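Read from first to last, the chains carry the letters A, B, C, D and E; within each, the first residue is number 1.
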Amino acid sequence: MTPNPLKKPASQSAFSDHRSTARAGMVFWKTGAAPALVPLRISEKPKVALQGISVTYGVNGSRLLALDNIELKVRAGEFLCIVGPSGCGKSTLLHLIAGLQKPTSGQILVDGQGVEAPGTDRILIFQELGLFPWLTVAENVEFGMKMKNISKAEREEKTHHYLRLVHLAQFKDSYTHQLSGGMRQRVALARALATEPDVLLMDEPFAALDAQTRDLLHDELERIWAETGRTIIFVTHNVREAVRLGDRVVLLTFRPGRVKREFEVELPRPRHLEEVDVARTARAILEDLREEINKSLEAEYEAHR
Amino acid sequence: AQGNAEVIRVGAYPNITHSQPMVGKATGWFEKAVGQNVKIEWKTFNAGPAAIEALFAGAIDMTYIGPNPAIQGYVRSNGEALRIVAGATSGGASLVVRNDSGIQKPEDFHGRKVASPQQGNTQDVALRAWLLAHGMKTIDKGGDVQVMPLANPDQLTLFLKKELDAAWAPEPWATRLIKEGNGRLFLDERDLWPQGQFITCHLVVSAKFLRDHPEVVKNWIRAHVELTDWINSHLPEAKRILNQQIQRETGKALPAAELDEAFTHLQVTYDPLRASLLTAAKASFDAGFLGRKMPDLSSLYDITLLNQILVEKGKKAIQ
Amino acid sequence: MRRIGRQVIFYGILFGLWFVLAKLKIWPPYIFPTPWGVAESLGAGFQDHSFWIAIGVSMKRMLLGYGISVMLGMVLGLAVASNKFLEDTIGGLLVSLQSLPSICWLPLAVLWFGLTEKAILFVVVMGSLLSVTIAMEDGRKQMPKIYGMAGRNLGARGFKLFWYVLLPASLPFIVSGLKQGWAFAWRSLISGEMIFVSLGLGQLLMMGRDLNDMSQVIAVMILIIAIGYIVDGLVFKTVERRLQNKWGLAPAT
Amino acid sequence: MRRIGRQVIFYGILFGLWFVLAKLKIWPPYIFPTPWGVAESLGAGFQDHSFWIAIGVSMKRMLLGYGISVMLGMVLGLAVASNKFLEDTIGGLLVSLQSLPSICWLPLAVLWFGLTEKAILFVVVMGSLLSVTIAMEDGRKQMPKIYGMAGRNLGARGFKLFWYVLLPASLPFIVSGLKQGWAFAWRSLISGEMIFVSLGLGQLLMMGRDLNDMSQVIAVMILIIAIGYIVDGLVFKTVERRLQNKWGLAPAT
Amino acid sequence: MTPNPLKKPASQSAFSDHRSTARAGMVFWKTGAAPALVPLRISEKPKVALQGISVTYGVNGSRLLALDNIELKVRAGEFLCIVGPSGCGKSTLLHLIAGLQKPTSGQILVDGQGVEAPGTDRILIFQELGLFPWLTVAENVEFGMKMKNISKAEREEKTHHYLRLVHLAQFKDSYTHQLSGGMRQRVALARALATEPDVLLMDEPFAALDAQTRDLLHDELERIWAETGRTIIFVTHNVREAVRLGDRVVLLTFRPGRVKREFEVELPRPRHLEEVDVARTARAILEDLREEINKSLEAEYEAHR
């Protein structure tokens, strides 16, 4: 029996039954009711490296430069958050890393290898979710494991586990059209987590969730990350959420997307969304973001009267 | 295995002009003739071209068939594919006019719509030749008679709709047009031929089969001749057996009156009536159905076997 | 319940109309057959077993021929949708080859298979194969991109991608195409059974027409309609209903 | 460019194979016609204008008959998809009625329309109408619910809802169905042109077969394929490409 | 020329060219750079009334009570926000009011009339957006107006206006699949606003937007509402956003959805997301929400171990 994480949130990980050996270098303290999580020793060898990435789209004859010469290194085990104005190329960036799209120029390396195609070491949670309407919730969650030829028993156990994690165990036999927007988003989360990839690419995975559910899932995600040493690249438009979760926050510029600034978040974990420190750091980033957007909006207003 | 086939595949259609194969099939007549070690496989077709196709493809060895597909098959294959070895039926086609069409004499055909069963087939050619002989031309040749190739059932419908004035039709359709379509016999095609005989069905053998298995073919022809004689001497019984077989194959017997009526217009014979066919072929060529050059039909017939049998039986050989 | 009520009304009106028209004797019965004439034909056909045999023979050919078409057609459709070379070559010919009437295949069928069951099957397959291929290709191409991306993202490759993602994702298309393929297969079967007399329903139909026995024609038509109705209800409609329930697709508004 | 290269290779191989087979004389030319024999038939047919006339006449019938089918079929399909009564009654018969071969309609065509163009059109319409209806109904039913909801939410009603929402939303389906309908229409046209001598391609095909002239049969087949190829390329493929671009649908992977 | 709202945000409404006569009772002060908006006199006659609304869904044979006996009155001109945990029935509620779905029991009145079908007086922004992929951005925005037989010239002018409002004028000829998630959401917003309905039903319309863009659109929405006297029912999972915008915030319970509590927000307008008062009010609501969710999650954990 997995304990109820709400009742005894820290004493035991929701993962303990799957991951009996914690990764070397992991530190895990218990401090009363709230757990103090310290990230894994972050390796310095880049897990994911983007070198001079540009993406151009053809739109109605003209060309739209979506990403412009992006240079980015993500260390193994790092929790990287990407923020930026709407339409700046965040989703495009994740598609590139996932291998679902090719850059117009530049190169993406994962573990030093060029990315040619999707791989189960990198799982993306799509902004549009991409759930399969012909499968039930449980079958959706199972899908990645099935593709990896994991045994039926293990699949079922993990499916159950992750569905509980996102509070949807009750809905395992529903089809996706029978779920609310937030529920669907949680199914997509469970599906990605269940595949247990090295690199988790998350595109605004909590955008449709209420505050409380999101807080709980923040905690769970942080715990999973800390325990398994995954590399997470997390796109969000919520700067506080980025500060709450990230080791580093990358701010992209408007259009074309460029890396405007990077912020190392040195606050101790676990953090809380409503913390003063988080709020303060977020404000600093927001300041930059705001400036960025105003600049670009002005340009738009000039161009289109 | 030369000279002795294990299986002989024979085509026919369930139709009253195919008396020999139908009666033969029903009575096992040919099985007796070809012997124990030859198995007969009957193949039933709906129309001539399909049978010729099958003959070309080597899917059948011989078939009962009308003169037109036989000529076409012979010409298409440059005389390679088939030989006519015996006759089967003579007569059985008439020009029928609609009762209320007002047609009384040949000249009344000016400006009329006249049907034939199929472009370029025996009746179609006969119709065109007959019109020409009476000084009429079809529309496509600058005249005013409209010849319309139409499926037989449609002719009946159009007779009833009064959209058609006349039709040159084979049996049993000529009879049906008269009985069901308010038609009247205008001309029995026999009246156009010497001794009232013209070929409507004969036995055709694949040239290769004839070369490889002359004995089998000979046995078959012998049985065919004997069966022809039997039918002619036992006509009522033969008609009954024929109608039973037609019913077995098509699910429907002809009404007795129609059958009797039709039989008054045709004759069962083993004589291939070569002259009538050659005349018809000439007419067909004149109507433009046989290409730009009159084909050489000299090897179309191979009646040596038939003549051997006729001589054997003390009958008159055919020239 | 209401469904059955509607059907009773509908078929009632249909038969009533037929009955009245037949009674009025606008056309003679051998052109416009009467309900009782057709009923008699049906009765006779079933009594002497010829209809049972015909149904059995034709259904066997349909199942075999259509089954082959569906399987080959799917593979071919997928191949055409995923391979540039095939797409640019056969891809452009699918519609036009499918437009060729069965009569074009008859000579080839006889040439290659003689007067055998295989020749008939060949005609059925040639008549419906490309219809399934067209549906499969279209399904594959008009499918929302996200499904393929999500599948590949989760590690589906090659056959697994096809079987677990592309096929179900384009199922709504494919089912619609399979219905069209079914209709093509029937029509081709009827043509195929005209190569030589081979017992099936096509044969009965041809005979009816050749003898101008409209009662028989209508009786066979009714049989074909009834078989189609049953297959549609048992197979296609069921699959569609399941699809709609699963996917939450549009019901009639 | 590469597309043309592929096609050259493909057709080159195809013709090469045919040439070699014909040269090898495995089958006599009267069952397996030679390329030069067919070329001769084609040349002769175009020279004496009979092919041009046939193409013109048949295309006119296709455009009319198919056009009627498309329009009626769409209306009917929509009606069946939106009306419970129609759905429960004709809805269940669509597939089976579509399965009826054209030969079933010939007697009716002759009876009602006599020997007129209308009779041929009738056969074409009966042969393809329900195919379009099936596609339309399926498109309407398998369409994602959200489009209909969004349309109604924004004030689309009745015909506007159909024209501006339901029709475009089910267009991917409909285009696929229209291809099938096109194939049905051609096949039916060939049957329809067999009613009486009426100049068209069906007539030429029939003549070829009746006279066992395989070169002519193949020549007409090539004409039909060529016409289908052009129509497919100009109409269907173009619409599909536009759809894919607009909707951002799956390209081949 | 419509002025750039960023540069002179308050001096003139973006709407002034369309709505020359302000509604009676509207009060509109200028106070330096930031406008002080005061809502219209809210009429006491309910614009929308939900009477004993229940909705049950059939899910895999069993029945799911999604909404249970909802009683709710929305006054004409009111800005009502609905918050509640994920899957509590918020979207369902909006669908009901829009007339796209029938309640299992109960009645919905709009202007005292029972709702039978959708009507252009009530426009819903779907959570799934429901943009038409076969139309360009501009055609999507135009759609509602076209259905109302508005003249082409007026349609074009309004389309341009609202596309500028959501900063997408540049993309008017793009198809929706060429847009980012946030851009799509803004198209849906523009489409609904352009139809100018009496009652605007918004289902998490800003969920995919970055903080800055959302702030700007909050301001615009509030201005439109104040100027035109529309009734707005706004679903969000962001409690602060609810407090920022709403006259009243209704909190729904988990499953089945019931009205747990209503909060009148009496803070003066314009408010700001980051204001202390807004934060305080939001915290109070969040407290209730949190309690609500924990209760229900516990139930789920008991049921599904």
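FYI, a residue touches a chain if its C-beta (ideal position, glycine included) is under 8 Å from a C-beta of that chain, and two chains touch if they have at least 3 such contacts.
Here the structure is a predicted model, which is why all the values come from computation and not from measurement.
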Exercise. Where each step is a move between two chains that touch, what is the least number of such steps from chain B to chain D?
Worked result: 1
Problem set entry | Set of chains adjacent to chain C and to chain E | A, D
Exercise. What's the overlap between the neighbours of chain C and those of chain D?
Worked result: B
Seminar exercise, completed: CA centroids of chain A and chain C: separation to the nearest Å works out as 49
Exercise. Chain B to chain C: how many Å between their CA centres?
Worked result: 37
Problem set entry | Gap in Å, rounded to a whole number, between the CA centres of chain B and chain A | 84
Exercise. Listing for chain A: what residues touch at least two other chains?
Worked result: 128, 177-178
Seminar exercise, completed: The positions of chain B in contact with two or more other chains are 53, 56-57, 151, 153, 157
Seminar exercise, completed: So chain C residues touching two or more other chains come to 27, 31, 106-107, 111, 145, 147, 152, 206, 209, 212, 243, 247-248
Problem set entry | Pairs of chains in contact (touch as defined earlier), listed by label | A-C, A-E, B-C, B-D, C-D, D-E
Seminar exercise, completed: Given the complex, residues on chain C that touch chain B span 27-28, 30-31, 45, 48, 50, 106-107, 110-111, 114-115, 194-197, 204, 206-207, 209-213, 216
Exercise. Along chain D, where are the residues that touch chain C in the complex?
Worked result: 3, 6-7, 10-11, 27, 31-32, 81-85, 87-90, 92-104, 106-107, 111, 130-131, 134-135, 138-145, 147-148, 152, 172-173, 175-177, 179-180, 182-184, 186-187, 190-191, 202, 205-206, 209, 214, 217, 221, 224-229, 231-233, 236-237, 240, 243-244, 247-253
Exercise. Okay, in this complex, where on chain B does chain D touch?
Worked result: 49, 52-53, 56-57, 69, 72-73, 76-78, 80-81, 118-121, 148-151, 153-154, 157-158, 161, 163, 289
Seminar exercise, completed: The answer for chain A against chain C in the complex is residues 95, 98, 100, 117-120, 123-124, 126, 128, 130-135, 143-144, 146-148, 175-178, 191, 195
Exercise. Hey, which residues of chain C end up touching chain A in the complex?
Worked result: 146-147, 149-157, 160, 164-165, 168-169, 171, 243, 245-248
